[in-house]
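Next up: some structures, all given as structure tokens.
What follows is a pair of complexes built around chain A, which joins chain B in one and chain C in the other.
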Partner chain A sequence: MTNEAVAHESDHHAPPPNVAADVVARELVATTTGASGRFKAWTWILGILSVVGIAALIVKFIDQGDDSTKWGYVAAMVSFLLSVAGGAPMVAMAPVMAKANWVRPITRIASLFSFAGIATLIMLIPLVAILPPLVTEGARRRTIWYMAPDYSPHIWSTLGLVLLLLTGIMLFYSAALPDFASMRDHSTGWRQRLGKRLARGWVGTDVQWRTLRMRIGMFGTFYFLILVFVNFLISTDFGQSMVPGWRDAIFPMYHTVSGFQAGVAGVVIALYFSRKYMKLEKYIHLDAFWSLGRLLFALTLLWIYFFYSSFIVFWYGRSMNDIATLDLLIKGPMIYAFFAGMILLWFVPWWILIWNKVRRGTGAMVVGSFVILLGLLIDRIRTFVPAWSVPPENIHQKWLQEIPATVWPDVFDILIMAGGISLVAFTVMMMTRVIPVLSVWQVQEFNLLAKPIRYIKGHATLVAKPD
Partner chain B sequence: MQQRRELDQVYTNRKLLNGQLDTPKWWLPTVSILGVVVLIGVVVIATMINKGLGVTGLARPVYWGLFITTFVFWVGISHAGIMISAILRLTQAEWRRPVTRAAELLTVFSLLTALVFPLIHAGRPWRIAYWIMPYDVARGIYPNIRSPLIMDPVAISTYLTGSTLFLYIALLPDLGNLRDRTTGWKNAMYTVLALGWRGNPRQWKMQTVGGILLSALMLPIFVSVHSIVSWDFAIAAAVEGWHSTIFAPYFVIGAVHSGVSAVVTMMALMRWLWKWDDFIRPEHFDALARLLIVVATGWLAFTFLELTFALYGQDAPEIALREMQMFQWPWNALFITFFLTAYLIPVPMWLFKRVRTNIALMFWTSILVNVGMWLERFLIIVPGLARRTPFVYTWEAYRPSPVEWTIFIWSFAWVTFLMLLFSRFFPLVPLFEAKESQVFTDDVMIGRAKVPAIVREAD
Partner chain C sequence: MTTSILGLFQQPEPAADAMDGLKEAGFELGTFDVLTGTPYPEGAFGEHVPQHRLFRFPAFGAIIGFTLSVFLTSVTQLAYPMVTGGKPILSIFAMLIIMYEMTMLAGVIATVIGIIFESRLPNMKPGIYDTRITEGWIGVVITFDDESKVADAESVLNKAGALEIKHA
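For the complex of A and B:
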């Protein structure tokens, strides 16, 4: 290679130059205004689909509210939305705790998903009403609520989800204070008034910064704990305990880990579209995709590990419980969903994400993320639909003696699922009109702490790691 | 965070090679005492093999006791190496550098020790050969390859091979260094072992790529080893408390908890014995303690799920077992000790930076963790077998015999003995890592504050 070629190659890998702080504030605040025609059209479409989905949910409740076996797809949807909307804000937390600098610019986009928790809550309401009580006709089914009052799962699941939503919003708000101040200082009209109101007198004193960091740490920790707890409740009360004999200690963790996987996939998709259509290439570096790709790859492997750990114990166990559980969830009515989930949630993403070249780019990363979300939806259908298809009169059996037939979605289910997914996308898109999609102060901090340097014959970044 | 400390290369060489180029005064007496303990252990093992397993406390219905518990314990400790070396290398955690060699070494030696226990537990170890050489296939008498008891040795030996290779590749630059500083037979030995290491750019590149590739390849093996160990128990539906889907990740995270704690213990000892205060610093203990808080809390969540879903089935035998484990003497005392030592005492202490950077406190808390983690394995394995069940007519409580306790103590002496022997010939802190750390760390001024920084090469 000639010297020029070496120099060119070396420059190609150079970290992007930093942007001045005032330019960052001005440009990022400006992203909240002037939506394109395409953006508006998509917002309308998603908004309408969301409304139709909610209407379908109400009509289904009126029409089929007395038959729990028909609510499997809604339960799967609750689980799916909890995974995406609940898991995504963790991207804003976990790497920050590990002091990863690459995550700073994208924490906002991840925490915007907290608001999408509203979609999960809306879907949960009819499900709580339909969930069978713990004790029917004097018989108590297997649950985690050994001696607790009959309606414990109903109350605690709802409370947990509300608490998750509130904590997520508080996490978002705590980290958004300096940006509201930026809006106050750099925008006009209602955004300026909103910024002024929500900034609560932020001027950036030492005390304010200290409090801000403390709040982020506190709400982030709470959020993580509540998220794990809610995953535990939803996966057990709305899934496992609906099937007699299904005793799977790893299932709540499996649910949580696949939730993180979906959350990261959701963030990658949101990041891709923001970068492309809001022209944020100079703020969202390929480094972020590279690191998210590695995280996604690790979570994909973790998913298959958790799945296999559960499967092998049932497979070898060969007790009546084990056989019936495998027949219901894998070999029986859901065999096609099982194979589809396995391919989409593990094999395809694994094969895509294993390549360095893919993780350094954006196109294949976003395809991989879409595949993961589709795979997760199918996997949730595989677990929750057969669980809810068990007739309530059989719920107290020692093990499931008769495997129910495959339940296919009706028109309500399809509309509800489309509506639920649309509502998540709609909420995130609307929030980008209220606050910059990238955190202004964290982009500035990113620039402050990372300095591109020449290193031997190539380029490197000097990353400061304050305590 | 990794602080920058200016250390010149001559000083680094002199300090880190002080075990190989000189013999510390304490080395010979310590190795001699340990050698005696090891010898006693070998004699006891030989006697046990000669007399049979009747000299142990194992009897119906408890056939898996102290030996299997200690086997699981050492396999758990072996997870330190890959956790520290491979995962932290892949995640580019800069503070890992002084710790890697000790962790890898602990992996190799603890695996070697772990392998001894199933062998001697078999009573007639030579019969293990039947696993390797199937016989009488015509009558269907051959090892069942679907059994985790067969998968287990395969996984462990693969892990041992990989870990040894991993350790060796990381040793190459240091071997080259030692070759250039020794004479006589030592020089000849290092010359052979260094494989012609000259430190040219190609060799460095190959060594780095080899390390990264091995890290990635070792990770699935690392996870599979303890998972398969857990399936020795989990797939047995007949024993209450064992047939749980959570066992594989529960065992793995427990192994990481105990393995990383063992590394902390070792680091403290290395710092005290070889006076490596400049290389193994409080900030390294701080980072490891932070890692341990996360791992231990994850482990606690798995423990919670394990217990919750044990009761979830509402099966009378399972509930009776848990009652026995938690409320009946002497199991309840063990259970309380286990919880206190594995989590409730150390983790709250580690929340304070003052504790995390206090080497003596870190040393003792890390030992506590391993006391707790050994008890955890004992409480998983033995009570499930010991509980009185309807069709067991010869029933007595299991009490490990002095023979078992001696072999148990032997295992610790043996690992320490091997470590000290290794330290006489090879550096326990990688020299090249210590020097690379000098290059990759820096300080930057942000405002008026001096902040530690690290160099990240562009991908």
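For the complex of A and C:
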């Protein structure tokens, strides 16, 4: 069957056959045990890097906690992690709501990224402590909190991120209940005990399935509404409001859409490695890559649309604050980061993903996804590092009178960034030891509703859409 | 005393026949149910469609959160009246962000509570069950107040082609 799945890679028209439900349950539950030596080695490396990153964050806070200009790379990291870990679960929600059958087997991978929100929250803690107060020496700086109490950005941004984490975990757990029941029924040892505890007596009655569908829909909707809101808060409170005169209504949307782009790229990478190294070719069909490729291509085009819409207002505006904002974010200390970000976040992925042949494969897709994530990291550095490099005493200026010099990362920043990214990967990898990386019941549902058929002289998949 | 029995089927069609048979044999709706490891399309087994109130929970929570947020933002601004940018003390656009966040927070919390009620979870007494259900088998479970009906139920399950019948 695996051979047929591999053959499917070279022949678009022959979808692999369905897998029997008992085989699905047995094989996917078995993926939680027996990790390969390579998996264990990577887990150790990522775990150590995560611990070192958190230690570096603590040491940096002790050493440089009184100087906000040195925290730009941590702010960029918060934004980057929010984009990847926050955007990925959208793949587990949006296509499901549109009743796309191809997405059913891969929603688990996407929703596992919800747990990586812990990394974002850890990075945010010192940043909240360092974020300048709203009112200093009787003057209120320009923010979205123009009439709110002084603690507003700090408490509401933190609460927003906690809410996003909670909703993401609930979205995951809502969809994971039947699989915890599978773990209870077919696993052994601590996994079986954990499955029994978390399955909460799930037996698969009609009421349980109906409420499961509804809560996935509800938490999915909540997740989307909160994700957009948190992107708005982080991009304004930790970006725009740090720079006097930077007023851009499009930037929060730009931040959100590039977060979706990064989220899809993150899912493609996770999917690629799961498929290849956990031998899941017969469950993760190429349809998933083709569909994600189209989505990624569309989001890549949206990036340039939002960037240009934002840029043109400043470029035509030519007021003093417009000029200062462009000097700070594009022409000045971050000009190389700007070009690198644009090339990696838009031009290269656009040129890779435009080809149908590329989107029908997996190798170039994963390369394109890595390029997007690298581009996004550089782009976040391009926006947040100069924003935080503005000295707090200049924060009340009408526009930025003096453009700060380029701030290069110190050793703490490099360790923190490596640790933050490692913590996301580590969290996702560790979760695959707790629950199958593919949802057992959704793979079974996929097989229930889709059937490969011979269509005249070609091949097709017959998909039932009952509701 | 037998309080419930479970008929196990490998295919959905005979399970649906069993459900029809139970209805024809006079078993009340709600006394029998189908157990599956994957969600079959609604009505695939001709099963009883129960009413639910899950949508009320997030709506109720959102209303509470919204009300609390209006109270919080209004009271704080009235308690410390400070005119900013010539705007009124109670300025709706300054309040919207907190109102949105608190509405979402209360909506999510109420949904979690609603799920606990509506999903009948945690199910402390899951009753009769078979682990093969998560391997694609289909179970038809019948619960009894009157033990005299057990034989009738077994007859329906056997007639429909149950591969195994378990008692609890």
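As a working rule, the second predicted complex is superposed on the first by the 455 of 467 C-alpha atoms of A that agree within 3 Å, B and C clash if a C-alpha of one lies under 4 Å from a C-alpha of the other, contacts with A are read in each partner's own complex, and residues count from 1 in each chain.
We adopt the following convention: contacts are C-beta pairs under 8 Å (C-beta built on N, C-alpha and C of every residue); 3 or more make two chains touch, one makes a residue touch a chain.
Predicted, not measured: the structure shown is a model, and the values here were computed from it.
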Would you check which partner chain A:Asp248 touches, where first means chain B only, second means chain C only, and both and neither mean what they say?
first
Now for A:Ile414: first (chain B), second (chain C), both, or neither, which partner does it touch?
neither
Could you tell me if A:Ser310 is touching chain B, chain C, both of them or neither one (first, second, both, neither)?
first
I'd like to know which partner A:Arg318 touches here: chain B for first, chain C for second, both or neither.
first
Tell me the contact category for A:Leu448 with respect to chain B and chain C: first, second, both or neither.
both
With both complexes overlaid on chain A, does A:Ile144 touch chain B (first), chain C (second), both or neither?
both
Is A:Pro466 in contact with chain B, with chain C, with both, or with neither (first, second, both, neither)?
both
Kindly classify A:Ala405 by the partners it touches after superposition: chain B alone (first), chain C alone (second), both, or neither?
neither
Doubly contacted residues of chain A, that is, touched by chain B and again by chain C
144, 146, 448, 464, 466-467
Once bound in the complex, which stretches of chain B touch chain A?
1-2, 220, 223, 227, 231, 234-235, 237, 243-249, 301-302, 305-306, 308-314, 442, 444, 446, 449, 451-459
Residues of chain A touching chain C in their complex?
20-22, 24-26, 140, 144-149, 152, 156, 159-160, 163, 166-167, 170, 174, 177-178, 181-182, 185-186, 200-215, 218-219, 222, 225-226, 229, 233, 440-441, 444-445, 448, 464, 466-467
Listed in rising order, chain C residues that touch chain A in their complex are 33-42, 44-45, 47-50, 52, 54-55, 58, 73, 76-77, 80, 82, 84-85, 87, 89, 91, 94, 97-98, 100-101, 104-105, 107-108, 111-112, 115, 118-127, 129, 131-136, 139
Show which residues of chain A lie in contact with chain B when the two form their complex.
13-15, 99, 142-144, 146, 228, 232, 247-253, 287, 290, 301, 305-306, 309-310, 312-314, 316-319, 322, 356, 360, 448-449, 451, 453, 455, 458-467
